[in-house]
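Shared between the two complexes below is subunit A, which has subunit B as its partner in the first and subunit C in the second.
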Partner chain A sequence: MRKREFALLVAPSMIVMLGLLVIPLYRTMVWSFQQVEYGSPGEFIGLENYTAALTDPRFHRAVLFTIGLTLIVTAALVVLGYIIATLINQLGRWRPVVLGIMLVSYVLPNVVGAAAFSWLFDTNFGGVANYLISSLTGAEILWFTDVWPNRIMIILDTVWHLLPFAMLIILAGLQGVPNEILEAAKIDGVSSLKSHLYVIIPTIRGVLFFVTLISIMDVLRTFDQLIPLAPQAVEIGNESIMLYIYNIAFREGSEQLGLGSAISVLTILLILTMLFPFIRDTFRESKVAR
Partner chain B sequence: MRFRPHSRALIGAIAVAMTMALVGCGAGSRTGAQTATEVQCDFENPAEPTTINVLAYNSSAVDPFTNTMVKSCTKENVTVKHDPIDFAGQVQKTTATLAGDKGTYDIIETYGFIIGPNAAAQKLQPLDDLYAKYSAEYGLDQIDESMRKGMSYEGKLYGLPMQAQMFVMAYRKDVFDKHGLSAPKTFEELRAAGKKIQDAGDMKYPIALPYLATGDIATHYQATLNSLGSDYVDPKTKEPQLDTPTSKQAFEEMKSLLPYMDPQVTTFDQPKVQQQLFNGTAAIAVMFSGRMNDLTQEQNSKYFDKFAFAAPPAVESGGPLYSRLSIDGWSLPANTDKSPDLLFELIASSVSEEASKASIPAAFPARKGMMTEASSPYAAAAMESIEGTTPPESYPYTPDVSNAVISLIAQTVLGKLSIDEGTAQMQAAAEKVMAKY
Partner chain C sequence: MTTTQSVTPTLTEGLQATQQVRRPPSRRRRFWIVAGLFLFITCLMMLSPFIWTAMSVTKPTNVAFVNPPVFVYTPTLQAFVDLWQTTYFAQYLVNTLIVAVISTVIALIIGIPAAYALARTPGYISALLLILALIFRALPRFAVVLPMYEISQQLGIYDTTYALAIALVAINQPFTIWLLRNFFAEIPVDLDEAAMIDGCTRISTLRKVMIPLMGPGILTAGIFVFLFAFQEYLTAAILTDTASKTVPVFITTQLGQTLPMLQQAGAAAMLLTLPVIGIAFVAQKYLVAGLASGAVKG
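Moving on to the complex of A and B:
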């Protein structure tokens, strides 16, 4: 491909990236050192926003909650995604139908799905899950105001929403495992469990890394599902970092865009730290492949 | 084009998922403007095609005015555009559209609470000259003076009032009759009614109030304060009065109702309280009047004909009612580039006599004499409520103070902070805010 053609083809995406990624990132960095309100130019205040964020117990709670949620949900996505993908891989003509039904939760806008999900636990709107649990245990669980029941509901919803994506990618990986290897393992008398542990999983290791990477990035950005699922997030410590940024920068009236920007920068650093092992391994693997 | 089997499976799966999602999403779409009342909307036709963007949240009380504007004023070169949005969305978009040199919206729905700060920051256009110019044509002098005052700041009109909302108490007449109860006039009577219904085993949580920790709870705390003769800030001295004995008493009164309310009440907004009444799981509720018409609709609840309405109780006998008066109206952003005359004619037509009549019983129009006791099942209650409510005044600091203390109010009501701790922290937060004013 000639240089000119290359530039012509790449230019549109570069312009979009510049407009939607680089400029907002630059603006966020600048604002993080300023006191900014809507419609007025910022005033430089040095590291005050960072100091305010790092000494705010609410920010600490939001970070802990978000990291905890990310670790639990990512583990559940990889394990359940693998199990379900394995089961679906064995289906015949019904595979598209089953896949289609499973994808509904992923196709739905997150906040819509979460609102519907919250009704399962809300007696005012039917509360089927709530009713079943109450009937079986006799307990009245306060899903929206008690810390741990609310966390469990958020975890279940996040897994329900993201599982189809994880499952779909792992399914694609499973379909790429050569039949020869599986048959050789069978002939050698390897049990089904060992075949998964020592043959299939190592073969699709890269795919599982990819699913983990994307899941971590998705869950660290948890935001909109908390609006219907955790209306009392701030009071019970179930506020994610993104919801915290939204609350202080937009919702709580004081419009602290500078503080919100500083927390966004800190969040980017947190995401990079959590992804570092996966990015490093990906680089190493690509080096070996060359 | 040929697809590999895997691709075909994936395409099939996505098609099934998309179809199911689209069927689900399509189920809730509405086009209210098509069935709205058409009124006179005579503006000077602009030379070029002009789109007027309107920001107004959807509710049964505001929709009649918005829909009338869209239907009546979309003609010739003018297209009036309104997209459905909820109240929280409107709050966000109002801040955003008023922020820069040029905004997204040309007409915005406002209410007394936000007039002060936005007028003080010169983000809204004063409407006095336009009001005088078009008063005769649209009969605007019939708009209640106190309503206009509620949408004014420092003597200038910044919002053309469309309707008012005030707290109204809805209760289940059949349940009250069964227990020989009458509509409570004080909090003591309210607690007694709640206890009687609860003790009889009829309902586990008979009282329903919207105590949502991120919103409504601040309104209800302020209503309690007002009923005890106090407010967030003394307007004369600009001193917050949140750690006073009255403020502490307000919390005692709010907490005294908790045993009769759902334990998750701090997650309940007004639609959820409505839902409790629809389901028959609560017998008494106090909410803004705009939510009352829904209770009388057969399609919403099998109890639609069992509801009665009364003015809300006073916290203490003989005091002002436990109520807030909120006036809704139309404002013109200072940063719109559309002709102020054109925009004003649009909003004036939507609050015209005919349009206001058509909004009853869902709304309580701002025009004098529109609402009579016969207008709706809750009209008498609304009129009594408006008489007994502290008149609203718009101050630029009220939203900031309210936002600064809302989480502390919730934590104090929930018992996470003692009343002494909570009120002390609220006072400190409010003093910090007031330092700016």
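Moving on to the complex of A and C:
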């Protein structure tokens, strides 16, 4: 493809991304060095926002919470997604029904799904999950005000919301595994578990890599579901990085835009660090792909 | 290679026969009882918040959220009637649809040529642009949305559906490009070359040869972008106020209110999601096939 054609074809998309992603991003970077409020020009204060963020214990907690959530949820998504996709891949008649049901939580808006999810657990609203647990075990779990029950509920909701996509991608990958390989493994007398470990998983490792990448990206920006699920997030320390930025930079009464921007920039650095191995591999691959 | 292939069928048949003799036939059935039960429970758990919400909104208001919960009741659609009559739900639903449709159309119009160019041009520039797109996809939303909030107010387009739609085009563009690029990469380059030998330019090759072949790919990308825009909460919460509020934002504001409004929020959630669930059931074939042929090569 000639250079001029290439430029012409990518231009509209690049202009939109430049205007609506790069320029706002630039402003965030400028703000992160300023004492600033909406609608008024800021005042340069150097690295003060960064030192304030890095010494704020609330920020530390938000980072730890977000990374912990990301690791647990990503692991759960890959493992559960693989098991469910393997089973669905062998289904016949029931396949469309099961797939359709599995997709429901994915098409629900995250915040709406989380609201529905919270109603299952909220004693004030006669939550059925809560009711079943307390009538079976006698324990009254405080899902919204105790740290760990709240965390478990957030993990469950996040897995619930993201599992369909992970499962769908893995299923698509499983369909690409050539039959000859599976049959060859069978002929060699490889047990079912071993054929998963040594044949199927290595074959679809690109897909699993992609699912891991997408899951990490999605969980790192956890925000929506915490609005209904963790009304006490600040008090009990279940604030994600995104929620922390929202609380300090947008909620009425505290519009510390400079501090919020500094945290955004730090988050970008964190994300780049976590994604670095993936980025390096993708760069190598896409350079050779045509 | 050739010998293996020619021998395989007979060997497999033989193996299956021996397996049937060696293994008791119930073993496979036992596996499927366990697997079926597992899948059934999974499906039930995946649906439970949705079912419970559907129950809560069709209960009479006085028993809708009592503890312990009521399981037997006379269903009523009063919450839906109230939602329609006492709130601007219809307006919010229209806003949501406008945003989703505009952003899907624009995302595809600008995304398709870019994805095509990226799929057909090896080298550093393409790799770099794709990596940048990947990084943009992972960006924390607030890093772009808070400046958008201020910029949109300065430009006087704050709280308009088209500003929100354009913002979402940009935010979802990285995903759109990646998905479409992978679909294009599946189409053999020979087709481009043949079309160009026949006198097509790059642009007309894209329009007349590639886009017709890309039907499922474009449909898949369109469904995803539509869903993303339809579901968006954070961006909509920040870039809209009252005039162009979308349904997810409306539902979230209703959550903090009193019981009847809470029930209406549930009703709104049902009305919003039933059509998309319909789409999911109809489009699942495309989603799976589309992802199988394209997305996973990323």
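By our rule, the second predicted complex is superposed on the first by the 273 of 290 C-alpha atoms of A that agree within 3 Å, B and C clash if a C-alpha of one lies under 4 Å from a C-alpha of the other, contacts with A are read in each partner's own complex, and residues count from 1 in each chain.
Simple rule for what comes next: a residue touches a chain if its C-beta (ideal position, glycine included) is under 8 Å from a C-beta of that chain, and two chains touch if they have at least 3 such contacts.
Please read these numbers as outputs of a predicted model, since none were measured by experiment.
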> What is the contact status of A:107 with respect to subunit B (first) and subunit C (second): first, second, both, or neither?
Replying inline: both
> Which holds for A:180: it touches subunit B only (first), subunit C only (second), both, or neither?
Replying inline: second
>> With both complexes overlaid on chain A, does A:9 touch subunit B (first), subunit C (second), both or neither?
In response: second
> Which partner, once the models are overlaid, touches more of subunit A's residues, subunit C or subunit B?
Replying inline: C
>> In the overlaid three-chain picture, which partner chain does A:38 touch, first (subunit B) or second (subunit C), both, or neither?
In response: both
> Is A:124 in contact with subunit B, with subunit C, with both, or with neither (first, second, both, neither)?
Replying inline: both
>> I'd like to know which partner A:235 touches here: subunit B for first, subunit C for second, both or neither.
In response: first
> Now for A:71: first (subunit B), second (subunit C), both, or neither, which partner does it touch?
Replying inline: neither
>> Going by the contact rule set out at the top, does A:54 touch subunit B (first), subunit C (second), both, or neither?
In response: neither
> After lining up the shared chain so the two structures overlap, which partner does A:261 touch, if you call subunit B first and subunit C second: first, second, both or neither?
Replying inline: second
>> Let me check the overlay on chain A: which residues of subunit A are in contact with subunit B and also with subunit C?
In response: 38-39, 96, 99-104, 106-108, 112, 123-125, 168, 172, 175, 250
> Quick one: in the complex, what on subunit A touches subunit B?
Replying inline: 38-39, 95-97, 99-104, 106-108, 112, 123-125, 140, 142-145, 168, 172, 175, 231-232, 234-235, 250-255
> Where on subunit B is subunit A touching in the complex?
Replying inline: 6, 8-10, 12-18, 20-21, 24-25, 92, 95-96, 98-101, 212-214, 263-264, 266-267, 269, 272, 275-276, 279, 281, 399-400, 402-404, 406-407, 410-411, 414, 416
>> If we count contacts the way the header does, which residues on subunit A are in touch with subunit C in the complex?
In response: 1-2, 5-6, 8-10, 12-14, 16-17, 19-21, 23-25, 27-28, 31, 38-39, 84, 87-88, 90-91, 96, 98-113, 115-117, 119-120, 123-129, 131, 135, 160, 163-164, 168-169, 171-173, 175-176, 180, 183-184, 186-187, 206-207, 210, 217, 220-221, 223-224, 227-228, 241-242, 245-246, 249-250, 257, 260-261, 264-265, 267-268, 271-272, 275, 279, 282-283, 286-290
> Within the complex, which stretch of subunit C touches subunit A?
Replying inline: 4-5, 8, 11-12, 15, 35, 38-39, 42-43, 45-50, 52-53, 56, 65-70, 109-111, 113-114, 116-131, 133-151, 153, 166-167, 169-171, 173-174, 177, 185, 189, 202-203, 206, 227, 230-234, 238, 247-248, 251-252, 255, 262, 265-266, 269, 272-273, 276-277, 279-281, 284-285, 287-288, 291-292, 295-298
